[in-house]
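Across the two complexes that follow, chain A remains constant while its partner is chain B and subsequently chain C.
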Partner chain A sequence: MRAIYFKVLMVLLGVIFLPSLAVGEDKITADDIIDRASLANYYAGDDGTAKIAMKITDRAGRVRTRELTMLRLDIEDGGEQRFYVYFREPSDLTGMVFMVAKKVGADDDRWLYVPAVDMVKRVAAKDKRSSFVGSHFTYEDVSGRDTSDDVHELVGIETVNDRAAYQIKNTPKDVASVEFSYYTAYIDKDNFLALKAEYYDKAGRLYRTVTAEEVSVIDGVPTVTKGRVSEVDGGETTVEFTDVRYDVGLSESIFTERYLRRPPRKWLK
Partner chain B sequence: MKKLIGAPIRFSINYPKTIIAVYVILTLIFISFIPSVKVDTDPENMLSKDEPVRLAHSEAKRDFALYDSIVVGVVDDESTEGVFLPETLLRIARVTEGILKIEGVIASDVFSLITTDDISSDGVLLTIEPLMETELLSNADALRVRDRALDNPILRDMLVSADGKAVLISVPIKEKSESYRISLEIEEIIRTHGGSEDYHLAGLPIAEDTFGVEMFKQMGVSAPLAGLIIMLIMFYFFRSAPLVIASMAVSIMTVAWSMGFLIGAGYTVHIMSSMIPIFLMPVAVLDSIHILSSFHERFPVSKDRREALEGTIDELLSPMIFTSITSAVGFAALMLTPIPPVRVFGGFVAFGIIVAWFMTMTFLPAVIMLLPVSTLKSFGAKVTEGRHTLQLRIGAFATKRAKWILALAAVVLIVSIYGITRTNVNDNPVKWFESSHPIRVADKVLNEHFGGTYMAYLILGGSEEGTMKRPEVLGYIESLQGHMDSLESVGKTTSVVDVIEKIGYELYDGDESKARVPEDSKTVAQYLFLYEMSGDPDDLYHLIDPTLSKVNIWVQLKSGDNEDMKAVELSVRDYMAANPLPMGIEANWAGLTYLNVVWQDKMVGGMLKSLGSGAVVVFLMMAFLFRSPLWGLISMLPLTLTIAFIYGLIGFSGQDYNMPIAILSSLTLGISVDFAIHFAQRMRQVRRKAEGADDWSKSVSVIYGEPVSAILRNMLVISVAFLPLFLSSLMPYKTVGFFFAAIMTVSGATTLVLLPSVMTLFKRQLKL
Partner chain C sequence: MRLTQKIKVLIVVVVSLFFSLSIAEAGVSGGFIESAGSFKFGDDKAEKNDTNLLELRAQLRYRAYPEILEEYSGEAFIKFEVLADGYDESVSPIVREGWLSLSPVDFMDIKAGRQIVTWGTGDMLFVNDLFPKDYLSFFIGRDDEYLKLPIDGLKVSLFGEKLSTDIIVMPVFTPNNSLIGERLSIFDPISGRIAGEELDRFYEMPPKTPRNLVTAIRVYRSYRGVESALYFYDGFYGEPKGIIDPLRERFFYPRLRSYGASLRGALFGGIANIEGAYYDSRDDSDGSNASVENSSMRVLAGFERELPRNIGLGLQYMVDKLLDYGAYKRNLDPTAKARDEFRSLLTVRLTKLLMADTLRLSLFNFYSPTDSDDYLRISAAYDIDDNIKATLGGNFFTGKYDHTEFGQLEGNDNLYLRVRYSF
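Showing the complex of A and B:
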């Protein structure tokens, strides 16, 4: 009990003091904001586990659900990471595992375990913008986009979900490698969580919006617990995180081929 | 009856200014509706909105996220590598990028080299990447793009031609009605970024929408040109500018009323209804020609216009009532067809015919009464010897050689009926364009290279979720595809089975033996999931629905001919009869190519029905008019023979029986009967006056004077008025123009030759 009070107190103090303690607010640059956002969104704690319930609605309004467990380990803050995604539902896919070694400035390594044929495959997906497990989320939405891939520009301060947010325009350096021409991100001024991102197509039309629907503080860490991506032309995916835990002490050995075939039960309960 | 209709005519003779003012005001009111016109060129609307196949089609589009697409084909026959040279591929990439930016294009679903992911495997590594990087590249890279596409059973012959010379960009669009506008923007992009390779735009939506645009051009040119020609001929006949202009005014007002009413009543102007003006324009002057011909004869004799006019109207009132009503019935019978645009066409042409009749009876006399005396002075036929000699000779010939003529007619009828049995029912919206039109060229070139640009969808579905991952169901689909692929008109079929086999093949590093459907449904589900992860998940759901309860087999046909689609449908039906579908699964067709077959079938049946019931009603009316079934029967001869002859000719010539040809039957019914009624009614009047005193041949010679002149004038006006349709670049208009001239000739010949000879043979039985 005491520990929790302490954490809450720390968080409150943090919320109140941190922004002013940090970089002088007026001087903060777009690059700083994006770097801190990357840490807040994708590198919270040293590791983390969560159950993910995903609801994919296609343009015709049909719904598919997926239940996954995701394990994450940061090798270096803002740098290399490991992801282990275990499929619980639907039952046809139970036991499938998707593993990613995220790298910065290089292509990620991905492995896939297909239990029906008991086969592990290395997957070279050069396209980080492709769909994550058939949802409307891309790999980049899940594991974060390389901050150095874009030119960032602080446009102003906007209110999103009653919270003040930095509005940042991100223009890709290599336009040909992505399907958007730019995206605008709204970063919470206090905790640097991304509250919203709007993607514009090559003709400059908004076609896709990613939003944080619910933010909770877990183990002292502000965490997005509900998210949504919706396409302007129809179709959306919502995602809900439960059993979110940080700093559980995952070991790097889990993220190896051996554990694809024999999932680490301890972490998948 | 006569009294009832006589009243407005007397009114118009007595108060000419009032009646003209009323018409002008009414016309202005009808014209005021015209600007709110809505065009509809969608052949889907040939079927009612609640037609089962249309509902199935819409459901398939929704279930599998299918869109109407413009197909851009890129071909280079000059180089041995086709378009697979770095420079060419880069240009194609630039063009594709341009297309992605066009408003109205569903960019996320554009299917092209740069927007499609390919899955391949080399040893341990499963590689998922766009088929083509946007920055190439060496010659080897370019060829690798080609080889990978050809190695992918889904992309081969769909995205890249099997001969490796050509690629496609499939451009789904939000609204079919925007195809033309989008196609212009695509052409602009091609001009900017394209090179020496050839770009072709194809696909049904573009053909249909372009047709709509051209249709309006035609309406703007053909109808006024027809009007001008009619005016010139009429002037040649009657040499009186004011009276010709008055007749033309009747015709133009009729068109304005009909189109105004149609638009005002909220109907869209469809391919069919766009033909209303050019149909009504000549038909609406027919009554005027009869009135002017008779007046032309009488006026020089009596010198009093009121008297001449009253004599004319007395003589023509009942034949004109009946010809107008029978013509209207001929068209109104089209309202019995199950095809909404044809119903609208028939209804409003019938309306126009009645309007034209009433206007002719009231407006024209009013104008004649108002004309200054001086303008009428020179009006009238010169009474000279040797007038009508040629037509008199025809009359004499017909009475003398009656038996021979009847025998000849019988032979023609029999031969024609044989010709009709050879009729080939077929239509194809792409063939609505001339063979030199870019759309036709694109169609030809692309179907030579690819598996076919005409899409039909065969949907197999069960009610339960997950039905379609059952291996025996997938096995059935595989064999069914094998059967369809063996059909001549099928270029290629694609289904989720191809996807599953591709995944098996790549998972096992290119092991051909693994390119087959797995034995348990769990493996199938995991294979599918793998494919879903490997790129754009939507790609998979064009082939199978997310609940795995329905499968969509894409059937690419090399031709948009309805008969080819029909042959495939029948063959598949036979196959399913011999190889029953797995339990709980049913099959349904969808896709524009298939939809066209359905409405064509309805059209053929519907036309027979409407022609049959139209003929019965016309016969009953004539029997009533002449108070004699025999007179009625004889008057049916010209139109019966004409219709048989024309459709026999179509059967022999190999011309497909298509939509415009189908419509012609009603037209023939409506107009041939006109001639017959005028001829028979005049004959009865002459015989009645003669009271049996004169001999038969003398009566015939009276008929072959002014009455036959009027009929000949009408024939000429109608055949010539449709000539501008020949200038059209659209085939349906040309067909109508040609057959119209033919119909008039045959129908005129039968009226003027067959009718008198039959009457001669039966003169004793023919009561007055």
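Showing the complex of A and C:
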């Protein structure tokens, strides 16, 4: 009996004190910040839909555009997710669908639907640092980098876009798997959105910057609605999210072969 | 009116009806204009043309969501093309797709009309996908998508918790666009030599009767990233693998019933697939008829993954085993060259994206160790901007013997250029 009382007491104490310790400003660790940033940036709501317009400018100043609709469903917060990316523009890609079952600690499953021949193709996992649809964004920028791939270090507090932000230095555990030596992320102290990330090459030179250009509160969720990647040597991609909605009630069945072959118009309008 | 004509008229009527009714918002519409030309340079054994591709193609796509079918997620789609063919000196309208789809109930989708159907796990190799192909387009340098021909029919898909099923019914059989000696010189088994346009072959189509209805069924499941499927097909061989009258070059499409299965999933950081089928040649079940293709087995295994430097690698190995081989040998015309019991094929695909994905390089090689022949496809596709794409490519054939699939095409090597403006 005594043992049970003791356990109950400990649990009560835990309930009362632990949360205040966890969010206590002085005690928050770099790992906590990165975990919360991952949830805020990539797991908002239980699901979400958005239209994405990308403008890709290469070094020579040539401009290309991409229009996509993305559907996302979280199977578990901070864990497995489903993505459905429907191509609207340019015209020769219209109707193409790219679908990902994102896993943590394992390779993602990916499919591509080619409408011209009604073909569902399984796609081998790609280098996560390779370009997303020819833009300056990488696959990792779009669906999030595994938080356990880096060692995180809280450097200080900086002001970015008039917002107080945690400055975190992230050093990859496997340096050979990426093109950067480290990157510095600036995480909004208040809502944990990533406001800026600066990537340094193997020589320690800044070569790439990802910035949140506009943040709006949608359905009560702080959301990056405009972003930009710029390469120091020239070339940039801007991205704009419109019609952003959360908790629309996507079901897992959307992310199956049926809806690859027959895009769910209800969610793509 | 013949059955095919009736079906065609029906498709046109139904689809136009829904287009006229649909005041609903039009969905995606678009299309392209493409010009394509090739230079044929091989040591041609029969044909003396220096090109086998010189054409201008316009495509228009129209998609509509008829209001009266909104409740059933109704959708109508037309893909219409006009092809001005400099080789044939002809201009022809082509309805490449024209269908109506809807979900009468939650667990069912129906798609009726002219449509393209693709299934199975092979990359440019087909085991259980017995829908019509156009190898002529494939060999002369048209876009990959033209390898598939549409079917006229009805597709009913049922979706269950675990298993899903596609049932496709084609009232009229559509054969492959077989090589007949035009554009590409081929081996003529009757005369035993390579022949071109002088070949006067006749391929007899199965009579259009209800008994000759073609059915294809697939039952599939995806579980923890592993996709499995069972297939059934009841119809005819896509190629005219039956001889009616050798002297008058008359051939027919023998009856085929096929049973197959496939598996596809992640393995060693890539994607592995295996697929097999048993082809029952129903007009020659015991292999005793030398004029009709014997039954056979086909097995395909493939693996695909990304190599360092973002190079995509795909490998496939496929084996065909002719069944009742003893009966085949016994009944063969003693003067004819006997096929091997086994035919194997090895393919390698390499792809590389460059310049922010605007330049796509591709190499696809088919090599048969048993037939000692080879087919190499290379291409470089460049997006000049979002609307204009140029593709430069080549098709190269070599073979030790004249009678093999790629060996017969030796001398038909070509380099092509396609420029497409999409809108």
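Operating definition for what follows: the second predicted complex is superposed on the first by the 246 of 269 C-alpha atoms of A that agree within 3 Å, B and C clash if a C-alpha of one lies under 4 Å from a C-alpha of the other, contacts with A are read in each partner's own complex, and residues count from 1 in each chain.
Here, a contact is a pair of C-beta atoms (placed from the backbone, for glycine too) under 8 Å apart; a residue touches a chain by one contact, two chains touch by 3 or more.
Nothing here was measured: the structure is a model prediction, and the numbers come from that model.
Superposition of the two structures on chain A shows chain C clashing with chain B. In the superposition on chain A, A:S251 makes contact with neither chain B nor chain C.
After overlaying the two complexes on the shared chain, residue contacts for A:L112 are found with chain B alone; chain C is out of touch.
In the superposition on chain A, contact of A:R64 is made with both chain B and chain C. In the superposition on chain A, A:A176 makes contact with chain B only, not with chain C. In the superposition on chain A, contact of A:D92 is made with both chain B and chain C. In the superposition on chain A, A:Y207 makes contact with chain B only, while chain C stays out of contact range. Look at A:R265: by the touch rule set out above, it reaches chain C but stays clear of chain B. In the superposition on chain A, A:A101 contacts chain C only, with no contact to chain B.
Among 20-28, 74-82, 92-100 or 308-316, the region of chain C with C-alpha atoms clashing against chain B is 308-316. Residues 56, 58, 62, 64, 90, 92, 114, 116-117, 119, 122-127, 130-131, 133-135 of chain A touch chain B in one complex and chain C in the other. Contacts from chain C toward chain A in the complex involve residues 27-28, 30-32, 65, 73, 75, 101, 109, 115-118, 121, 144-145, 147-148, 157, 159, 164, 220, 222, 225, 227, 264, 266, 269-271, 273, 304-306, 310, 312, 353, 356-358, 383, 385-387, 389, 420, 422-423.
Note for the complex: chain A touches chain C at residues 56, 58, 62, 64-65, 88-92, 94-95, 101, 107, 109, 114, 116-120, 122-127, 130-131, 133-136, 253, 256-258, 262, 265-266. Within the complex, the chain A residues that touch chain B are 56, 58-60, 62, 64, 90, 92-93, 96, 98, 112, 114-117, 119, 121-127, 130-131, 133-135, 176, 201-203, 207, 231, 233. Chain B meets chain A in the complex at residues 62-63, 65, 97, 100-103, 106-108, 117, 124-130, 133-135, 466, 469, 507, 518, 520-523, 525-526, 529-530, 532-538, 541, 545-547.
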